Amino acid sequence: MTDTPLSTPRRFRFERHASTILLVSAVALYIALIIIMGQTRFLTLENLVAILGRSITLGITAIGQTFAILVASIDLSVASLISASAVVTSVVMNGDPAMMLPAVLAVLALGAVVGLANGLVITKLEVNPLIATLGMSLIIQGVLSYYYNNFAGNVPVEFQVFAYGTVGIVPFSLMFMFVLAGCAWFVLRFSRFGSDVYSVGGNKDAARLAGIKTDRVVIGAHVICSLCAAIAGIYLASRLRSGAPWIGAEGVYDLESIAVVVIGGTVLAGGRGGIWGTIAGVIIFSLIDSIFNVAGVDAFVKQVLRGIIIVAAVAFYAARSKRPVA
Amino acid sequence: MSAQSLPQPTAATRRLPRINPVYVLVVALILAIIVMNPAFGEPTGYMNFLKRVTALAILSAGALYVIVSGGFDLSVGSIMTLTVIGSSMLASNDPNSTYWIIPLMLGIGAVIGLINGLVVSYLKVPSLIATLGMMITLNGVAFMWSGGAPRGYLPDTFRFFGRYNITDIPVISLLPIAVICLVVFGVILWWGMHRTNFGRMLHAVGDNQQAARLAGVPVERVRISAFVVSALTAVLAGVILGGRAGVSVDIGSGFELQAITAAVIGGAQLLGGRGSVPATIAGALALEAIFTLLNLLGLAQPVRLVVQGLILIGAVAFATYQRKRAGR
Amino acid sequence: MQKIILAAAVFGMLTGAAFSQAPNFDDPAEFAKQRDQLTATFNGPADQPYLQYAGDSMADTASFKKEGPWTVCFSNAGVNNPWRVVGYTDMTEEVKLHPEIGTFTHVDAEGSDDKQIADIDDLLAGGNCSVLIVSPNSTAALTPAVEKACAAGLPVIVFDRGVTTDCPVTFVHPVGGYGFGIQAAEHIIANVPAGGKVLMLRILPGVDVLETRASGARNMFKEAGLEVLGEEFTDGDNAKTKSIVEDYLQRGTIDAVWMDAGATAVAAVEAFEDQGVDVPVVTGEDQQDYLQKWRDLGFKGIAPTYPTYQWRTAIIAAVNTLKGEQVPSPEWILPQPAITQDVLDQYINEKMPPLHYAMCGCEDMPNYPQAWGGTE
Amino acid sequence: MSDVPTIEMRGISKSFPAVKALRGVSFTCSKGEVHALCGENGAGKSTLIKILSGVYRPDSGEVLIDGQEQHFKHPQEALLAGISVIYQEFSLLPERTVAQNLFLGREPTKNGLIDNKAMVAETQRVLGLFGVRHRIEPETLVADLDVASQQMVEIAKAISLNAKVIVMDEPTAALNEAECEVLFSLVDQLRASGTAIVYITHRMREVTRLANRVTVIKDGEVTASFDHVPAPDVIVRAMVGRDISEYYPEPATASEIGPVVLSVSGGGNAALRDINLELRSGEIVGFAGLQGAGRTPLAMALFGAAPFTSGTMTLDGKAVHLTSPRDAIRAGIGMLPGDRKAQALFLMQSVRDNGMLTARSFAGIFGGHRANRFTDLNGMNALLDQMKVRAPSYEQEMRFLSGGNQQKAIVARWLALRPKVLIFIEPTRGIDVDAKASIYHLMRDLARAGTAVMMVSSDLPEILGASDRIVVMREGRIAGEFGRSATEAELMLAATGETGVAA
């Protein structure tokens, strides 16, 4: 390390607040639009819950993706893992309430194995995470569609409570997502592992010198990421009453979860960001969808706008960053 | 930090010109196909194969420019779609329109590449996100333009490049126009990457962007140019694929990942600094040959996916292993 | 080799759990029923197929009667293929014919079940809907959402793909997948000598309406003693379709190509053209590009249809419901004619886009053909 | 002192394919002593320490801790064995707080959770030992600290481990006099409490002040080992191993120094203030100063990479306004960065491509890559030959070369353009001794050919040996200017500004 600039004063850290700024602007835009269009009937608690409940699958997936991106990795296999988990859930349950627990355990085991495999390929074989998880995604999708090509099995009514049950007007699943986010935040903020995730993502060599087993941290982050995707699959099975091998891909959960995490202020290079930013990103996505629905935007225009919004939101942070980009 | 931490070869284990394994792979696959289906050894067999692979090969070679410069271009598939849809919208079945439509599409492609490059270079949006956004946007634009379904045909003059064969040629008996395109654009892209200052600067930028800037490389211009080249080849690939297959609304989808796969099988280093145009074209041939072989074996789509996944991971793991072995 | 371990684990997990019951796509009773319906006489005006219906079971909708202006809400699975684009145009044009419809709210799920469920929630929460029309992205997945809408007291109209509940007012659909498969297969059987070789090209596995098309045809080929060379999936991709046909041609002759949908039929025809081989029997669908190719090359074609006019019918059913009129129920089965050589010319219109579905029942609408992308 | 040394390294050898980094080095350090490890940059000190701390594994030889043989496979194992290292290059995470950095990888936990309170309290306690508690808040992000404070955190991190052995690799590089004193008294305290301390430095003053024993390494071998502290010149001779006069080329004669090539008046930006400067052709000007004093920012400003925002700059008498490295290169200024791996090398490209790059960057973008208006492949081969770059072939990838050869290849990059001004930052960092001498001669040859050479270095002997004129910087300003006859002490005084009057 040679000379760096003289002492820099403590400054307003824009990046820390950017996701909040984006969220607030999206909310403001939504309310303004509703008022301008005179559609104030949308300003109800029910509708708020409906908006928040739009993207629970994406939210759960993105919570996991945040871990992968924080350790400077990435996971493109989540979409096919969601499909696989949903199928396994509904096939194992097959309408039998007694099989609910075994099914959930089987899916979690599947998630753990996939995460472990991703992590091992990335750390031990030193394969670029993008390629490793893309390859894994193809493998999962292939194996899955070898056995199933349609909705398979079904989820007992008892289990649909996960997706459709509510307390008052608040669905269980929405509460579950926030609880999961809370746990993730807690782990990142208060556990050794969480601290290690930031360290490894920030500077792998420094983390290693400080005695952190960096490979284990990367593998751990991938296991968490895959577990979250598996849970998202379970949720989706409960919501759709069954699982099909295409439901992950049709929701584009891989790329959308990455986009949401990045919009939430987590840096693709790793080591900076957090869960609440991601949740803000998820809500922003839901709001955009709702805004489009309220404004009656044509499906194709919607797509164009969505692409532009993703880039603009990320540019909003990145343009100020001094780090080189890939 | 110090010199010691750099990997070093021991003189004996490192022989310099080492053959890229992708060429061995391609030859092996083609031989396997010929054994299983002797008809493949006849001109119609292998020429059809080359014709089929042309769009992907050209696309991958162009996408390689961005990969070597240290980025990703996920927008190429959507550019192909836009090219085909846009051309069909503009052509309104007029055979003479091809002469201005293709240049116009190349112009649109250049603008898209320029936007990608500017967003990545100046707004500092990671290329993965920038081109993902572009991909979503362009797919939307293609839909908007056409209203969701193609509104016109591609005239035969347009389809000439991807569809027609020159027949009655001695020895090889037929020569698809697409194969001529493959050779011509392959050579141009090879020349640009491996025989010009631009190509060397691309490698430098991908290898070490900060060092490139301090060595006087116009980093932004080089990166932007890489995106422009990639977008232009995507237009060419779109013209050829549209010519081969006709109009459809999702014609280019999935090509972005296939292009990256082909480059990776050809030994390109993701995040930049290393990559070869001929090896990437060979990578595209290998990919298509694998699919053909799996079809011959009667293995269905799911198996294709698994094999593609394993090859992708295997190719990169093998390259890493080889590099490490060379290094220590 | 973690990958192998993983693969083994996944395989184990899936096979261990593989006591699934695949949906039944080979239902002889349904097959026979649809075979009969293809030739049955339908009730309703002869020149307006979108108003015709099979059977005479009707639902009384007086309880849904409502004064205009209405808000008609439509949760659409997507407009992600040309068939849906043509259908959606039919639908919006039909809406214009009913001044009582004050607002037509369209939400597009972009092909995602998850999103469509959320969209229906949104519509229930704030859409102020008088009636809900649903074109489900998939049958089982959307059932709870539809049930929820029914429970909220809304009249619900479902069309295209159904749901597994009978709470909607009606389910609008043409005869069905077996019927489609039968029409194409009968044509091939009639035009190919016994022992002839048939290549079956399909878009993708698993989609109910497509599975039944294939299943119907497969059985008929077997009975007729035709050899099925293979069933290949094209992903609806022209290039892939062409490659598959080329590969089969390299290995031998093909006497007929059976297609479960027409979007890639032209690519299959071109594969023969480009190899300099005479085009055999190639079935298709009612897209203009196929019809024109068929006419121009003069091969033995047939175009079974899955008529897009059902999108009109959905609106008509909704309007009738809100007026409190009788609606065919629980299903509104529409006729599903095939376009044959005899009537080919009357369906060809060169001013329409290549993937315009000729059986749109839309020629009598005011904005035809511009709204469908055609030129005057 | 106990009979068994706390650490004992016996006959350690380590080679990297082209470099024999260590040959049979033995080294011990016992409880309650400070053992100074001296040697020039690249002598092998860092490698030895990395073996001790488990980053590298030795090819042969053994490491004993408290008499027990150890085979560390991961730095964590060395940490658990009680060895804590303050690395020369910072290993702090800029996006984390001071407390988080201090406890990186070993956060105190309560009920399985990180005990933030304990972490902050302990951080305050350790920082208190330095008397910098008021200056560094435990919850501040490291990125917001200045370089000296970062160095303090780095030291605090090692000390807070309560390790048996603390290795300090040039800990004072960024500290001013007062801070150095705090550190020294801390070292005294640690020694008194029984810690074994390995202290790496090449500053004789620190050796005299702190050490109980001294070991000198040169070219990967122990050249001298003392159980007492000998006179500084004895150590220096063991370090350098030959006469200074051979090592450094002759200085410029008065007639060789030509007109002013580059001048700056009133230059300033975020990191610099009131820079007034002249560089003459034929002259080598050394820039000394502490880390963070503004030497690299000055080089970057002259090179257009972090331009001046005020003041004027002239080149050959004409005003220039350089806003990018390209501007500067076009105007005739070249630079060899200090952090070669991050800022200069293209490890995956061939040696020749590395050399040709800048020449190619200024030729037509689609021009053939074999030749351009500056040089062609043969010309580059000749330059690389002239630099005596040792490589099996110039097609060889850069990553396979030793540090010295890499540096020479980069010099060749600039020679092809014949710059008027060439800036070297830490030109000999991480380079073996022979290569060092050739770099100095090369700089001198360039100067004789009329180039104005600017050399930024943290190595005072190098500054004194190779420069014709010395500029000392402090806190973003020029703090003094000296002739080549200045002493290390004078330079240090000017650099720290603690006592005496800056010239």
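Letters A, B, C and D name the chains as they come in the text, with residue numbers starting at 1 for each one.
FYI, contacts are C-beta pairs under 8 Å (C-beta built on N, C-alpha and C of every residue); 3 or more make two chains touch, one makes a residue touch a chain.
Keep in mind the model is a prediction, meaning the values are calculated, not measured.
Common neighbours of subunit A and subunit D, by the contact definition above: B. In terms of C-beta pairs in contact, the better-connected of the chain pairs A-B and B-C is A-B.
With chains reduced to the mean position of their C-alpha atoms, the one farthest from subunit A is D. Each chain gets a centre from the mean of its Cα atoms; for subunit C and subunit D, those two points are 72 Å apart. Per-chain Cα centroids separate subunit A from subunit B by 30 Å. Note: centroid distance subunit B to subunit C, computed from Cα atoms, is 35 Å. Rounded to whole angstrom, the centroid-to-centroid distance between subunit B and subunit D, based on C-alpha atoms, equals 44 Å. Shared contact sites, meaning residues of subunit A that touch two or more other chains, fall at 121, 136, 139, 143-145, 299-300, 302-303. Shown for subunit C are the residues in touch with two or more other chains, namely 3, 7, 79.
Residue numbers of subunit B whose C-beta contacts span two or more other chains: 148, 210, 300-301, 306, 310, 313. According to the touch criterion at the top of this document, the contacting chain pairs are A-B, A-C, A-D, B-C, B-D.
Across the complex, subunit B is touched by residues 3, 7, 79-82, 84-86, 88, 233, 236-239, 241-244, 246-247, 250-251, 263-264, 266-267, 270, 274-275, 289, 353-356, 373 of subunit C. Residue ranges on subunit D touching subunit A, taken from their complex, read 53, 55, 74-76, 78-80, 85, 87, 89-96, 100, 104-107, 109, 112-114, 116, 140-141, 143-147, 149, 270-271, 289, 291-297, 338-339, 425-426, 456, 458, 475-476.
Contact residues of subunit A toward subunit B in the complex are 121, 125-128, 130-132, 134-139, 141-146, 255, 258-259, 262, 268, 298-311, 314-315, 318-319, 321, 323-326.
Of all residues in subunit B, only 37, 39-40, 44-45, 48, 52, 55, 88, 146-153, 163, 165, 241, 244-251, 292, 295-296, 300-301, 306, 310, 313 touch subunit C in the complex they form.
Here subunit B touches subunit D in the complex through residues 1-11, 14, 16, 192, 194-201, 203-204, 207-208, 210-218, 221, 225, 269, 273-274, 327-328, going by the rule given at the top.
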